[in-house]
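You will see two complexes here that share subunit A, one where it goes with subunit B and one where it goes with subunit C.
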Partner chain A sequence: MKGDDCITQKNKDIPYLLILTHGKWGVELVEGAEMICGNLKNIFAFPLMPDQSLIEYVEPIEEILRNAPEGSIILVDLFGGTTSNIAALLSSKYNILAVTGLNIAMLITASEVRGKYGREEIWEKLLNSSINNYKNLTELLRNNLT
Partner chain B sequence: MLLQLRVDDRLLHGQVGTAWTPKLQADMVIIANDKVSNNSMLKMTMSLAKPAGVDLKILTINQAIEFLNDKDGKLANRRVFIITESIQDAALLVEHVKDLNKVNLGGIRQSQNQDKVKISKQVFLNEQEMKILSRMAEKNVEIFEQIAPLDPKKNWENIQKLFSKGGGKL
Partner chain C sequence: MMRVDERLLHGQILIKWLEAKNSNYIIIIDDEVSNNPILKNILELSIPQNMIVEIYNLEKGAEILKNNKELNSSPIILVKNLQIVRYLHEKGVKINEIIIGRMPSGVGKKKIYSNVFISDADIETIDYFRREKIPIIIQMVPDSNPISIYDLIWGV
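Right, the complex of A and B next:
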């Protein structure tokens, strides 16, 4: 399969979110986020598949990046992985914010905050959304019961 | 100690940094690649992927040969894991570096219009690459295909069998 699944509607004014994942879970993640938020716009998922060469993977991403509105963000699954190596390179070439540690809370937040703040503020919000989503439920429950 | 050389056209990435480096208990990773070593932007972005607690060196093929031959004994107590992008580059290192005798085929992807045979889901070989590998095998270099540490391993004999029957399952 090619890595250029355009999975949401396009609108030229909203900054893009580009999702780079190992395998197809980024596509599914967007569907999951849509269960919570409703229809999301300008999100593009690029699944990295085992047999793909780097060029095959990068080309469709660059195609989207060339027309990406200011404030677009690349969201990456794994720091130190191929997806993050490529995002780092693209981030320098296209002057775009690229971050790692993708999860559903981060994606929902990114969709809300894109275009509304500066890069540092956006990163802070993405990071906080992730951190606030990590809970040891068993522990929380036990503390509430005692 | 030179642990092994991995041929992987994604160079330093998840399988290498997150899976193989701890599995091999490597404390030094050498990327031997002319293109990345000579391009400061590629070099900088690739060095971001450095696994924690490991020394990373990005060298040209010639620099890597000199470094790995270790004239001053600096590698005596190190556990060194070497990555090249291609089988051609791997052959240069194996030929010119002493004590390098284990080659892992990890990621050699299909490029368009090349007569490649599928050995595994991310290793595809052509006639020319098989010839280079045969010459290595004749010099008692252990050649094996294995994607990630938990994936099954194919030895040189199995790789040859798969190639001669045009790929697929053994």
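Right, the complex of A and C next:
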């Protein structure tokens, strides 16, 4: 599966979001985020499949990265996993922000803030979007009722 | 434990194998990683604090493993392919068992098990270990069923 599977519209000015996940859930995640935000532009999902060699996986990502606008971001599912090892390698080679801990809140935020802020601010916003999304609903409800 | 996995240090190792083997010691033997400070740095980045990871090139790795007595605990040794294991064995490293986690697909390789693809050169290497009477087991994570590669290729 290639990254292009996930791209809805390409626009040369909007920074890219590259999504690196174990298996195909990154592709589904984009579709889920689009249920909330409508069509997302310049998003590429790269599912890492069990039988893939590292070279097979990296090549199509690099092809996209070579033409990526400034401010593009790599979003990775698991710190310490293969996707994260590869993103770290790519961020040392290309001028790009790479972060781990992908979730739907982070993806939506990344899509909204890309290109609008510097890297540190963007990381702060991505992190906050994730943290603010973690709630113990049961407890929240109980506290609200008492 | 000697493990063949093209992805070397990643989730399966960090989440499953270290606990199963009750180990906090990993040795990676790989020329490419050992000669590339960035790759080295990346692999060291994801290591939990109480863990030791050592990265050697093939030559140095063989030397270290041969003098196994100097190692403080039993390490998980990670290499990318079977040919490296053979190199180590031929250099005099004692190997009790080889665990295959993943050998990826590629040109001229055929699938013998899920996530295990072998070339003609691999078969020759596997036969070498068969003659040396060293078991080769396919096992992705500790809870998956161990499969003998000799049974798969030559039948039970």
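Just so it is clear, the second predicted complex is superposed on the first by the 141 of 146 C-alpha atoms of A that agree within 3 Å, B and C clash if a C-alpha of one lies under 4 Å from a C-alpha of the other, contacts with A are read in each partner's own complex, and residues count from 1 in each chain.
Heads up, the rule we're going with is that a residue touches a chain if its C-beta (ideal position, glycine included) is under 8 Å from a C-beta of that chain, and two chains touch if they have at least 3 such contacts.
Note that the coordinates shown come from a computational prediction; the quantities given were computed from them, not determined experimentally.
Of the two partner chains placed around the shared chain by superposition, subunit B and subunit C are both touched by A:52. Look at A:92: by the touch rule set out above, it reaches both subunit B and subunit C.
In the superposed model, A:81 makes contact with both subunit B and subunit C. By the touch criterion defined above, A:38 reaches neither subunit B nor subunit C. Counting contacts as defined above, subunit A residues 22, 50-54, 78-82, 84-85, 88-89, 92 meet subunit B in one complex and subunit C in the other.
Those residues of subunit C that touch subunit A in the shared complex are 6-7, 9-11, 14, 38-39, 42-43, 45-46, 102, 104-106, 111, 114-115, 117.
Residues 9-14, 17-18, 41-42, 45-46, 48-51, 109-111, 121-122, 124, 147 of subunit B are the ones that touch subunit A when the two sit in their complex. Interface residues of subunit A facing subunit C in the complex, by the touch rule stated above, are 22, 50-54, 56, 78-82, 84-85, 88-89, 92.
Residues 22, 50-54, 78-82, 84-85, 88-89, 92 of subunit A are the ones touching subunit B in the complex.
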